[in-house]
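The block underneath contains the structure these notes are about, expressed in structure tokens.
By written order: A, B and C. Residues from 1 in each chain.
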Amino acid sequence: GGVAEAKTLEDVLKEKGVITEADYKEVTKSKPIYYKPGKGFTFTAPDEKFQLSLGGRLQVRYTFTDLDNNGTTGDSSKWEVRRMKMWLNGYAYSKDLTYLLQVDFVNGSSSKLLEHAYLNYRLLDEVQLLAGQTKIPFGRQWLNSSGAQQFVDRSTASDAFRPGYDAGVKLHGDIARGFATYEFGLYGGAGQSVVRTSNDNAIAARVTVNPFGKMAYSEGDLDRSAKPKLSVGANYFRDTLKATYTPATSSTALETNNLTFAGSSGWLGKGLSTFTASEKIDVNTFGLDAAIKWLGASAQAEYLVGQADGQDSNATLRAHGFYAQAGYCLIPGTVEVALRYSYVDPNRDKSNDLQSDTQGALSWYINKHNLKLQGDVTNSHKQNGTKTSTDDMIYRLQAQVTF
Amino acid sequence: GGVAEAKTLEDVLKEKGVITEADYKEVTKSKPIYYKPGKGFTFTAPDEKFQLSLGGRLQVRYTFTDLDNNGTTGDSSKWEVRRMKMWLNGYAYSKDLTYLLQVDFVNGSSSKLLEHAYLNYRLLDEVQLLAGQTKIPFGRQWLNSSGAQQFVDRSTASDAFRPGYDAGVKLHGDIARGFATYEFGLYGGAGQSVVRTSNDNAIAARVTVNPFGKMAYSEGDLDRSAKPKLSVGANYFRDTLKATYTPATSSTALETNNLTFAGSSGWLGKGLSTFTASEKIDVNTFGLDAAIKWLGASAQAEYLVGQADGQDSNATLRAHGFYAQAGYCLIPGTVEVALRYSYVDPNRDKSNDLQSDTQGALSWYINKHNLKLQGDVTNSHKQNGTKTSTDDMIYRLQAQVTF
Amino acid sequence: GGVAEAKTLEDVLKEKGVITEADYKEVTKSKPIYYKPGKGFTFTAPDEKFQLSLGGRLQVRYTFTDLDNNGTTGDSSKWEVRRMKMWLNGYAYSKDLTYLLQVDFVNGSSSKLLEHAYLNYRLLDEVQLLAGQTKIPFGRQWLNSSGAQQFVDRSTASDAFRPGYDAGVKLHGDIARGFATYEFGLYGGAGQSVVRTSNDNAIAARVTVNPFGKMAYSEGDLDRSAKPKLSVGANYFRDTLKATYTPATSSTALETNNLTFAGSSGWLGKGLSTFTASEKIDVNTFGLDAAIKWLGASAQAEYLVGQADGQDSNATLRAHGFYAQAGYCLIPGTVEVALRYSYVDPNRDKSNDLQSDTQGALSWYINKHNLKLQGDVTNSHKQNGTKTSTDDMIYRLQAQVTF
């Protein structure tokens, strides 16, 4: 039940014939302030050369983890503000020069506070140049906002292989009105808010083909597409990272762990003991992905491969993983069920180190992804080397509001 | 002396008879932008379904500490930005769904940057559900904003016993238009922006009774209440925290010190040496409080008790404390004097460990709590075990502006 | 090529004679929302007692460093978001009470997140009092915004001698409409967002004389001044810092390194080994500077001296440095070339420790300093004690947008 919108002064003056229909159009062309769900409040300068949107997104989450084998850790019951983002974005000096500043205040004590900080110049829709920090274009699910997921959060496969944020420059564009898109970027290569100290940099490239027209990354077919939508993507990321091996503790550390795949839950982070020399490691990752939506049903899958080669030791670490998920809106645009299977093999040359997650989700989209409640249940099957494998159960409930 | 408010276009058109009185009311019903002191600038969408206020609060403080016994430390002369808060709050999708994001930029290098991050759904005034991070409802003075204090800051008793911020879910409401209020919350239990790794959680409950009607926490009777106002409250907080004892250094550390009472100035933080085993500690705290205001006079008091029980060692730490304060406006709503006595016994089973503070304050409320200058003088009497007790003098001066 | 600004309702009603010229002036006197490049969006309350501007500034930088002698480090190729500032400023309760909150989100993991947090009261233009954290008034180039530089960043001499930000109180004013300015401040003395634990404080004083009228710090003569502008300045800063000497490692550490000159690139930070006792160090720094602009040409120079005296050891560290730079707009207000020489001797009693930088810059001011692209090349000549001196080449390219 919505509140009837009050008449504006312009409405009243038009009705009374004080101003003409043409006057009305002229004076209401520029709205100094308006609100669009998901974007926040938007302010526009009278000359329409400047625009600023200010908004935020909150995720409150409860997680209960029921461990199969309660060793030293034990079950956990967590309440957390999972994400508390704030953004300022818009255009400045020209509608073709856009900017985005986004922080996540949950990361107050770390270099991960700042997420996006870039400017983008659109020469044509087909030729755009972005400079600054933003998501490295690798991985469909990673590129889809954490706020537009079908589950409470991304899959473990996406988490294990994605690079994360980095600063650099990206050439990108939409070809033939979104029939295809391309992104080619050059990055520092040390990850989010970390500045490189060597002359090794990273490159990333991604293309998508969308035979039925442009398709947003947002998961779930909340708009109940009358015609099918399909997107197929492929991406590549290459970087070189310095590793330092400490013989005394037989441990290897990377120059940075702010690239997600190099962190504690990433394939490279987990497999670092492969490298028993202080050396530079060449990292190559590939990915293929596809998504489809039709009549309230949606499906998405991604296959990801990573390989790391020590320049001195000649040691090689090879990893791969994938996920596939599907959802269906039981009540169009409002209630959706979804299933997902995610698989990660962080070291293909090591046995009994797989992790596979089977997940079911139920989502209540009160205002699409802008205001929603989501719950999911995960059976997380982990192989533990020579020990018995475990099946942990994870129960999550999350509320999200975009304001 | 105020500036005369300029006529608006609506005013002029009504005066000229171009629009009617009814038209005037209709078109001025929704104010896209307005300002209210203490709230910041407020933006409202035309359909009145979305509202955002953006504001900040700055405290600049000078503190001179004259130590009774200058040992290794010595007197100190401090200039500091004590608080620099920024908030975004309002409602979204419905006037019943409110949100608050608040950060304190002074805490830029710590997990304490993010304070409030919640959404609140009001089913009825009597039944509301809040999810996210906010103040744990324990302690009248703690629940009163640091910006609405009668002294430069809260009492040492409030500081020693309050839990602080935490993430969780809270059921709360106002009964009979504020004659009574209740809050019942379930929290992670590890404190501000810290996520629990165990399945121990915390609960908090608070009730107030306000026989003469709802009464804000804000200290001082700046509105010179013609009729008396009274509020009586009681609260309870329970948590379980893991302690780790290190025999080599005879020291005990908690899994978190982001709960204020568990930090360096808290009763549990100070008394941790009671626990000489690595164990879980059950913490129970209680509090009783009351406040009254009438004809420019105000008084407030709080009694707080804490007990911690080691699950393995059976060791027990018992603490209590209280404060009582009173103020009177010499010039109504503008100049106030206040006196306070605060007492903390962090370990009732240990002698000569008391701290008692006697404080006098003078406040100049230029625009109530929104713009004020406050100074206070404290005699801080500390017992030092077998050594002579000391009487330190603390002189503070603070300017606050809410913008 | 600008977009024609659409007519407002007020314009239309005036044209139609519905409202008079006087009405028009009255109702358009207060603009609830407007945009000015470099300031962000500005919101004003109807009674004109409150104003808030919200804006941000982004610097994206690429740096290639070609080392003369590739030892353990090697060349570096860096992409970085160098600065991502956000501010809220304006006035509150009175036009004479202004405030500024500014953060740099690039410093998310450090105490350097918060930069400015102050309120300023103007009794007269000549007598103003500022309280809170802001730049310590020492050094022309330091006081000029990092966003209004003629080169990609400040000179090494400015970096080596400036104190940085601190909290305190400052009396300041403009004499005779900016013919002269003065600033006299008392500061905590521990630097940005660090609170002093001793009773040592810092003082700073600065005066400028501007014989042809007030002159902004902003570098480059982008407005092509028809008449010459000249500003001459002098400043002094005094502080006392506690040093701790550790005999085992023969190393000295200061109580804080958040004062820029005491950090790793500062003269005191570099020369700390002078002090081989745990003692208090008295620090005195002086500076003289001048700037001139005329017909698109601009020049600026600064001479800086620092001396640190150990109270116990009687050891003395003396440093000095200077820079001189000049620029000329090849295309008025749009394309500028600039040259700079910067020299730092961090310890005048030690030979072969000089650093001198010779720099050339080319700037494209698309919208003055608000939107610009800058590139510069630096020959950084470093003496390395008994080893051969090196000439490193540094190539930088930077885009800046203020939104």
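Basically, a contact is a pair of C-beta atoms (placed from the backbone, for glycine too) under 8 Å apart; a residue touches a chain by one contact, two chains touch by 3 or more.
The structure displayed is predicted, hence computed values, not measured ones.
Undergrad: At the subunit A/subunit B interface, shared numbers over all numbers used: above half (same) or below half (different)?
TA: different
Undergrad: Quick one: how far do you have to rotate subunit A to sit on subunit C, C-alpha fit, nearest 5 degrees?
TA: 120
Undergrad: With centres defined as the mean C-alpha position, give me the subunit A-subunit B separation in Å.
TA: Between these chains, centre-to-centre, one finds 36 Å.
Undergrad: Two-or-more-chain contact residues of subunit A, please, as numbers and ranges.
TA: 9, 13, 18, 32-33, 54, 108-109, 113
Undergrad: Tell me, which parts of subunit C touch subunit B in their complex?
TA: Listed in rising order, the residues of subunit C that touch subunit B are 9-10, 13, 18-19, 23, 26-27, 29-30, 32-33, 43, 45-50, 52, 54, 88, 90, 92-93, 97, 99, 101, 103, 107-114, 117-119, 131-133, 166-169, 186-188, 193, 195-201.
Undergrad: Residue numbers of subunit C touching subunit A in their complex, please.
TA: So the residues of subunit C in touch with subunit A come to 2-3, 5-9, 11-13, 16, 18, 32-35, 37, 40-41, 54, 56, 58, 60, 62, 64, 73-81, 84, 86, 105-106, 108-109, 113, 366-367, 370-371, 399, 401-403.
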